[in-house]
Amino acid sequence: MSYLLTQLGNGLMLGCMYGLIAVGFSLVYGVARLMNFAHGEFFMVGAYGALFSAELPLWRWGNGAGATMFWTLVISVLVSAASGALVSVLVERLAYRRIRRVSRTATFLVAVGASILLQQIGFKVFSASPRGFPDVCTPVVVAAPTLSGWLQPSAGLPCEVAVTSQLQAVALSPSGTSAVTFVVLAFAVWGALFFVLRTDTGLAIRAVSIDEKSARSVGIRPQPAIVITFAVGGALAGIAGFLWSLRYGGVQPLMGFIPGVKAFVAAVIGGVGSVTGALVGGLLLGLLETLSFAYLPGEVSGYRDAVTLLLLLVFLLIRPLGLLGRQFGEAA
Amino acid sequence: MALLADYILTHLVYLSILVIFAAGVVVLYGLAGVFTLGHQGFMAIGAYFAAGIACLMPAGGSPILAAALLVASVIAGVGGAVAGGLLLTGPSVRLRGDYMALATLAFAEILVALIRNTEALGGMRGLDVASLLPRASGSARLPILGTYALASVAMAAGAVLAVQRLGRSRLGIALRALRDDELAARSMGLENRRARLISFTMGAGLCGLAGCLYAHFSGHVSPRDFGFVQGAMVLLYVVLGGSTAVGTVCAVAVVYFLDEGLKLRCFGLLTGGLGDALVNWKDAILAGLLIALLAWRPYGLLTANRLRSEP
Amino acid sequence: MVRPRWKALVGSLGFFLLPLLGAGCRQEQQPVSRNEGAVDPAGSGKSVRLGAVLSLTGPAGTMGGESLNGLKLAIEDINARGKVHLDLRVYDDKTDPNEAAKLIQQVVQVDRVQAIVGPSTSPNCLRTGRLIQDLAVPAMTPTATNAGVTQSGEYMSRVCFIDPFQGEALAQFARKDLGFRSAELIVDKANDYSVGLADSFRSTFKKLGGEIVGEMTYSTGDADFAALIAKAARSEAQVLVIPGWYSDVGLMLRQAGRKWDKFTLLGGDAWDSPQLFELSGGNIHNAYISTHYAVDEPNPRVQGFVNRYIKVYKLKPGGFAALGYDTGLAFEDAILRAKSLTPAAIKDAINSIRGLQGVTGEITLNSNRDAVKPATIVEVLPNGYRFKTRISG
Amino acid sequence: MSGALEPERPHTELSHEPPVLAGSRLTKFYGGVAALERVSLEIPPGEVIGVVGANGAGKSTLLNLLTGAIRPDDGEVYVGGRPMNGQSPAAFAHAGVARTFQKLRLFPSLTILENVCVAMPSTERWSLRSALLRGRSEVGREEDERARGLALLRLVGLEDRAKHLIGNLTYGQRRLVELARALAREASVVLLDEPAAGMNANEERQLCDVLIRINQARHLALLIVEHRWALLRRMAHRALWLSDGRVVQEGAPESVFAAILDSAGVITR
């Protein structure tokens, strides 16, 4: 029973990370009809941003370990979001703005070029060898009487219940990083949803993505909306980069490519252009991958990449709009 | 000087294989108007079919058997790739633009993922291709390499000419009309189902042929050779070449010259610090340059921007 | 404006030939042609141009990097002794077999080297074996241990032991010294080294009466091992055998946290890198690996090398650094005995290396051009290694 | 041609074969809104019919229905008497229906001559062999098509620009190329969607001359959707007034125009 719960936890976390990156994809495609293949690199830049901020010994405010960890985490999240957003806006300004309206294929190739360029710059600036992420969160154990009673840890498997008051999230994992990852993920996901669905800027972005001409006619200037979309997408990818390296530990310049492609698949399955679709697609993908590895015998589990892509092809053929997507007007 | 000739001939063969592959993509993207990201899948089919049939060769087999197997492997490779191409004609009718790109990308990545996970095909580590052709080693290296180079350049020239003629023929004109504006073309009586079938067959076939030649000449095939970036680079050559066969050959030459130039420290002119920096930053410089080229001429280096021709 | 036709083709033909002719003019600037030996300015020794094609970046980055450091140290000593002068050119193949093939062709045909050091990893050696044989230039790999590497021909040799021997040693150590009966294999299926080492361990462990209770696979470069760790945690094996590269194993151990405390871990020589500790965050206890030498071995030759290495690079040398140093010694020994400086002569001299005293022990190349050497088993501590035992062939 | 545009209707007597193109009770909804409601019309061979009406009255929808670009929700389209129940635009083209578009839709990557020749009806099916090998018969057919294409371009006065791409032509000239392409179909009826839009005076006169000459020479039926009554007065046998998807009035052009003016409260006499 707890093996299933652990794997579900793993799948959920992986899914949320794919989802965060996928949200960036979906928003950008919705607003600019642009398959942003460099999005995976914003994930990488965010991870390195967090790495540098986590290694700085400055954040020794407060006394206890808990306070230090808290501040390090907050600063890391902010730095990773900022670096992801900055690079994303830069790429939009330098690479995409002019070409976007001129030709779709050329825009796509520019995106691939930008992705390779960012990886190469990563190699030179951050040094090519993989680097370990400092173990920022010493294991944090907060147990609430109600829940721990219900969850009897099975014999032999040391497990820890981390429960935060605001969010009744259950993260069964031996170390605190999973718990912290889960909390930050939850806030990031909630933040993304709130921004897009509840705020005016979010409304403007959705308007532009549905029909740029009519949005323009009601006074929404599309260019700032697009820049904000890139910034938000980049920030979310940056945070996902930080959480990925916090949980899986390794940071290297090529780390962005595979998660980027997976998140791309998630965005399409979920329905390009819709934030909730991207999150649902990400979760679906994360769970599918983790559970297929957990329960399929050794040799077959290698095929999970093929299964993921088969899922993508099936969706494209039967339901190109994805689960929650909707028809797109002609390119702006 | 002999060593240098060896270097040139080897690169000439790889260049010719690249041109044949690009010619296939010219037919798929330039004529049929398919925004393809999966053409490297057709090349992979060609390469692995050729590798599979090549290893049927018994150790001491006679040259006639080797020649027969060679022809069989090319036919199988091209046939397999064409089958793959026809597979895609179905979705190509219903899907448009970006979604067709995604479907072709998914097709190629599924193929590579399957190869990566089947041990029989060597998994991620790849397969060694039994050498049906006499191995270019020892004293006979140069003459053998020379014949390979000649043969591959001839095939590349043949492929480019065939695609050029197809483009000029009435079928080619109809294809380009359908690509430019499908409704207008269909209202003029052009039926796109049969045209699509023919162009997919030729496009995928050429990619498969490139795969066969690559397998036999390089002696090793692995999923790494048919990755997403290789496919995108060839599409880049076609776009820079203005979706024409001749233009694509120019684009392949220009980018290859830049790549080699940077790798060989600007042909030996910049030894020392600057040369090393050039080599280190080769990929970054190349990527930056290609983005600039695309931004400057999105419809091809030689076609003015206002002559918009875009699937 | 009529569509461009022929002026484009003529223009491109110019471009077409330039990259290839260009390589020619680079050729003219090389005064030294390949075959006749040039007198070394400093003394009477023979001067040889050496091309190093190693993996300095990517998943096997430190494997190449450390062996390069060891090689440079050896070349300093050799050139100082003056009997032989080695002129080294270094190229990075980014742990990509295709890049390695391109670089070997370039280093032989454009830089006109007389011998090659590398490639570093087994996949790269297997991919370039036939090419090296066709180019007829001797290549010695310091670190690739897969059995098939030297079978491509007489031009491929190595100074390290081979996986079948290393797997046997590990299996003997697990079965006899630690007395384990059941083991679980976690193999990197995208890497020939890992598959080869796992095969030899599996056969020997079964021969000695042990049982393989399960096997799991991952691919080089995977970052998410959470599912694999949870699945392995359920295994009843006593020992987890992970013959992978340090870059993946490091992340695996970090993510395992305390889930794998009940297991003993076994690994191959590809764990041996300072990166392992940084990536795993020191989360290693109860682990042993087979490698080429132990840092804390009392032997004066070893300690001499270790102190010099720490002085120059301010890092403790791992197994790959020692192998890099021994590769340098092997080339010096071969060149001195070689009748002339042609690649064929150097090849023959390399293949007849006997009883060369190196940092990683006595090096003798057998008929397959593999080094017959004992394997050193070391215990992996959270921040270093400790000598455990030595198993000879 | 004398200067002023005086009424000068071509005198073709209307024969009694089946109409080249007919639509009965054609209906089309766009999300609940009836773009076209039970519109019926018949075009006998050789007749020129003008369709007038405000924007959004359903003129373009009618034209799209009659050329197979869109399928009717109700009612039937007949070409040469045969029902076309939902066939592809290409089938309509082969049955003898040619058209131009309101928004110019030429082929940018083809030269002007290729734009015209691509529309020429060809009996034999394409094959890769014939495209690549191009035997004598193939080359002969291409020569013949090129000649006919040049003749059409001469007709619209653009023969010297045959090798040029669309990018170098003025808007009016592009309209003429589109007309030449439609004529290349050698169809029995040509549907023109605001052919004179964006043309200056003499280009418009040139267009009129071409249409009249073609109508008389090839006994070609025309359906012209147009706002400029002057053009219709010169050419149309009949006119059709469409408003809100329904046929308000049909008959001689003068009576239809007068009815439109009356409804708009303009005193004409």
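Note that the chains are named A, B, C and D in the order they appear, and that numbering of residues resets to 1 at the start of each chain.
Rule of thumb we're sticking to: a residue touches a chain if its C-beta (ideal position, glycine included) is under 8 Å from a C-beta of that chain, and two chains touch if they have at least 3 such contacts.
Being a predicted model, the structure only gives us computed values, none of them experimental.
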{"item": "Farthest chain relative to chain B (centres taken as mean CA coordinates)", "value": "D"}
{"item": "Core chain by centroid distance, with centroids computed from Cα atoms only", "value": "B"}
{"item": "Inter-centroid spacing, chain C versus chain B (mean Cα positions, whole Å)", "value": "33"}
{"item": "Distance between chain centroids, defined by C-alpha means - chain A, chain C (Å)", "value": "36"}
{"item": "Inter-centroid spacing, chain D versus chain A (mean Cα positions, whole Å)", "value": "54"}
{"item": "Chain centre separation in whole Å, for chain D relative to chain B (CA means)", "value": "44"}
{"item": "Multi-chain contact sites of chain C, meaning residues that touch two or more partners", "value": "1, 3, 189, 219"}
{"item": "In chain D, residues with contacts to at least two other chains", "value": "165, 167"}
{"item": "Multi-partner residues of chain B (at least 2 other chains)", "value": "116, 304, 308"}
{"item": "Chain A partner contacts - residues on chain B that touch it in the complex", "value": "29, 35, 91, 94-95, 97-99, 101-103, 106-107, 109-110, 113-114, 116-117, 228-229, 232, 235-236, 239, 280-281, 283-284, 287-288, 290-291, 294-295, 298-299, 305, 308, 310-311"}
{"item": "Chain B residues touching chain D - in the complex, by the definition given at the top", "value": "162, 165-166, 169-174, 176-177, 179-181, 183-191, 194-195, 198, 201-202, 243, 304, 306-309"}
{"item": "Touching residues (chain side chain C, partner chain A) in the complex", "value": "56-59, 61-62, 65, 189, 214-217, 219, 221, 223-228, 230-231, 233-234, 247, 250-251, 254-255, 257-259, 262, 275, 278-281"}
{"item": "Residues of chain A defined as touching chain C within the complex", "value": "3, 6-7, 10-11, 13-14, 123, 128-132, 134-135, 156-158, 173-175, 244, 247-250, 254-255, 258-259, 289-290, 293-294, 298-299, 301-302"}
{"item": "Of chain B, residues touching chain C in the complex", "value": "1, 3-4, 6-8, 10-12, 116, 123-126, 128, 135-138, 141, 218-220, 222, 224-225, 242, 246-247, 249-250, 253-254, 256-257, 260-261, 263-265, 267-268, 302-304"}
